């Protein structure tokens, strides 16, 4: 319960910051002003300015948008492909299940960051490319989870009854399986969200993530790393933002899991 | 906090295992480690472009007949003296006696003929065309080489001071990518690709013994890692600071001194002159008026560096300060854009993924937004992708690159060069400058610099400074970086 | 035994398909390696000649078989950019990365097992909650940021450890160890945080088992009982997670190698990507993929060995 509350508050803050940034930010987050470079916190600039004289608060707010975008794309790709794949593997014929399992094994050989680097080489660096890659690499964990829980649902009596009543596999999957496993899938989404946010930071650091001038927390870190000794604020602010975002989504996932499946405390975080 | 605590415990445990906890330092006083930012892909500058290879090897391992001194003057190296015929086509070089290559071969006039001829036959890099003016080379006697040019050329001898003039041992060119053989004060000890290059003093060197018997050139792609290496005593010198905002750290530290001079690296905002909309001079001028270069320099390079206004660094004899010709004037910029019918302009700024370019691009994007120009930034992997798409494919509106080669203003005479600038007057002036007298050369080159500036053929954002940070007590570091080489034999200690 | 053989068969099949995926991916990449190698002034004739020399003018299946055949004999081909044989360099770099990953694994295990056990044994007390909370927070920090901060503390401020670089163990063991500390910590601590949670929940599961209650009833102190009977059973899920983490570490090394300027596989991959040296990218990716698959195989095998029940179940 505590996890759920803390996680929901942190995630809520990020969503709120992102939503407000569409309507209002203290300054234009990409407005460069040489005269305002590297200023400490002040009444006008609550967290100060960066090397380009850009307002840190504004960047943080718009960066929250990027963070959510990153997670939604990566998790969206993974869930939309992985969940049906897992369900069909469970509900469909045996050979289909076997193929999905083997395909999963192959996918597992391409960890997220590696796939993102390969995609970056092929299609050029961008947030979208990177996150589609992260999403694809996360498909197996969704497929596995969906298959496992779908098998459990399929063995329940009412599904067996539906089957004997002549319902097709597809109909059963849509009517009975998906609603029953939705909770666990949402948990997995939340956990994967945090992993995607970390991956964006790492890729931005390597120059394969978010491209300028789009503000992103990973990029803010990358642009200021040389100033750690001189202006630690410039790394602490985005660093804390990233850590809290990841923490928020992980806790939210944990909290939700406790609700949906109290027995499975702590398991399955990485599929 | 926990992680920091854990780190402390573990470090204490591990540091306990090792002998003492003294600072990480060079193995011996006879050795010096210099940090560079761009690593050479291999050691063959005859077939591989880029500044990193000659920076490490020229004047240190390879030597030419002549070299550039710290002020950009041509001085003797393997030639003791030379004369030029009255028609300025024939150069007679007196060669230094008793010089041998590290594989034991003697250096003679035949070597000169072999090396100069080889540029045309075996080299593949684009610079080789600077040797096209050579008609033939004769070995008059072992210590007397004669080079005859097709027509007089002021630029040729200057080129001979670059990598193009490097002397190669006829039997030592079999594996240039890994085994360089030269006559210089150092020879290759070890090349760890992507990491470091280790040079050792050449025991058979004809000149004075260098102060450091062993030099490690260590490569750091990441500017922060380069800074940290010096701060933590991992290296002794940063050859070129890539994160000038961090200079404060070194200035406040008693251990270090900072050198600041000039280079030949013009950071150019290049325009695609051959393609609409930047084939319109008014649009180019508008962009030039719309960029506050002082603010850009302050932001992108911490105010270090020089505003130049054209493609000429102060170390060239025809330098003039043209930085004020197009002052920052957003109103005028808007007017010019509206004259050209381009009030809603969108431009693609396709840049290499290098710190100076990425930083400058963000400033330019923000400044041009103020005059109604939308700029979309695309970072490309440098060199591979940038070379292919922008430099070769001409697929860009604007780009930002530091043109570091000396006297590269001549590229404005080549309509096929990536910025597609076509101006027959400039081409003619450049040709006349090369063949004319040295006085005429200066006059003509000044005219070229003014013309391209007036045409806004590009926007010269700033000249990269020579920013070196070194441990106190290291002497002989180059105040200016005017040639391709980083001269290691001049280094000493006080 | 049959289980292991079957698993090995699946491994080989997976490896073969993965190699086709890697090759196909590189084959469709934009960019002409010959153009990249020759630079900007290449003539069409020279380009054709270079393509022929690289062997990239042949049909794709032939190129694939040639590449795979080469891998079996240790021939990784030659770099398009430098012309050097890739094999020896790849081996050097792999060794470096293995040291780093090995050290990071040690860090992760040494930190996570005691902390996770503690958190489980005291899961209703304040200290257990603190450890859990900290491990949550630790897992939320990007590894490269941890690296940057560690460098600032131990290399720049305290100057007791190098900020980066690599010394081979045979050249100078002391310098080697010192150089390994910070990279191994920044890579290992984040994983330790993740692992701690798994250790905690595995131990919690075990604590609830009947035989442990029996042992305690027979008079063994709880910690004693746990160490004597519980840890072995808790090891099964932990080893599985550790195996999955090894794959994460291998790839995570890419980032940490950049922070610490370590010439491992990761920096080789990034350099090759930047230089569009596609054959090198292809080789490095294949080696990493194979390494991940081998780790997965070993974990599976180990799993069956540690937990006899699974021998029948599978």
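Lettered A, B and C in written order, each chain numbered from 1.
Criterion: a residue touches a chain if its C-beta (ideal position, glycine included) is under 8 Å from a C-beta of that chain, and two chains touch if they have at least 3 such contacts.
Here the structure is a predicted model, which means the values were calculated and not measured.
Peer 1: Looking at C-alpha means, what's the farthest chain from subunit B?
Peer 2: That would be chain A.
Peer 1: Of the pairs A-C and A-B, which shows more C-beta pairs in contact?
Peer 2: When A-B is set beside A-C, the one with more contacts is A-C.
Peer 1: Just the number, please: Cα centre separation of subunit B and subunit C in whole Å.
Peer 2: Here subunit B and subunit C have centroids separated by 38 Å.
Peer 1: Need the CA-centroid distance for the pair subunit A / subunit C, whole Å please.
Peer 2: Those two chain centres are 22 Å apart.
Peer 1: Determine the centre-to-centre distance between subunit A and subunit B, using the mean Cα coordinates as centres, and give it in whole Å.
Peer 2: 43
Peer 1: Among the residues of subunit A, which ones contact at least 2 other chains?
Peer 2: 225, 228-229
Peer 1: What are the residues of subunit B that contact at least two other chains?
Peer 2: Correct list: 224, 231, 353, 385.
Peer 1: Find every residue in subunit C that makes contact with two or more other chains and list them.
Peer 2: Within subunit C, the residues that touch at least two other chains are 141, 148, 152, 156, 258, 273, 276.
Peer 1: Residue numbers of subunit A touching subunit B in their complex, please.
Peer 2: The touching residues are 30-35, 37-38, 51-53, 124-125, 207, 211-213, 225-230.
Peer 1: How about subunit A: which of its residues touch subunit C in the complex?
Peer 2: 102, 105-106, 108-114, 117-118, 120-122, 194, 198, 201-202, 205-206, 218, 221, 225, 228-229, 235, 239, 242-247, 250-251, 265-267, 269-270
Peer 1: Which of the residues in subunit B come into contact with subunit C in the complex?
Peer 2: That would be residues 1-4, 6-7, 10-11, 14-15, 17-19, 21, 23-24, 41-42, 48-49, 124-126, 177-178, 192-195, 218, 220-222, 224-225, 228-229, 231-234, 353, 381-385, 387-388, 391-392 of subunit B.
Peer 1: Going by the contact rule set out above, which residues of subunit C touch subunit A in the complex?
Peer 2: Residues 10, 13-14, 17-18, 21, 25, 28-30, 136-137, 139-145, 148-149, 152, 156, 194, 197-198, 200-201, 204, 241, 244, 247-248, 250-252, 254-255, 258, 269-270, 273, 276, 281, 285, 288-289, 292-293, 296.
Peer 1: In the complex formed with subunit B, which residues of subunit C make contact?
Peer 2: 31, 35-36, 38-42, 46, 81-84, 89, 107, 111, 134, 138, 141, 146, 148, 150-156, 159-166, 174-175, 177-178, 181, 185, 189, 192-193, 258-261, 263, 267-268, 271, 273-277
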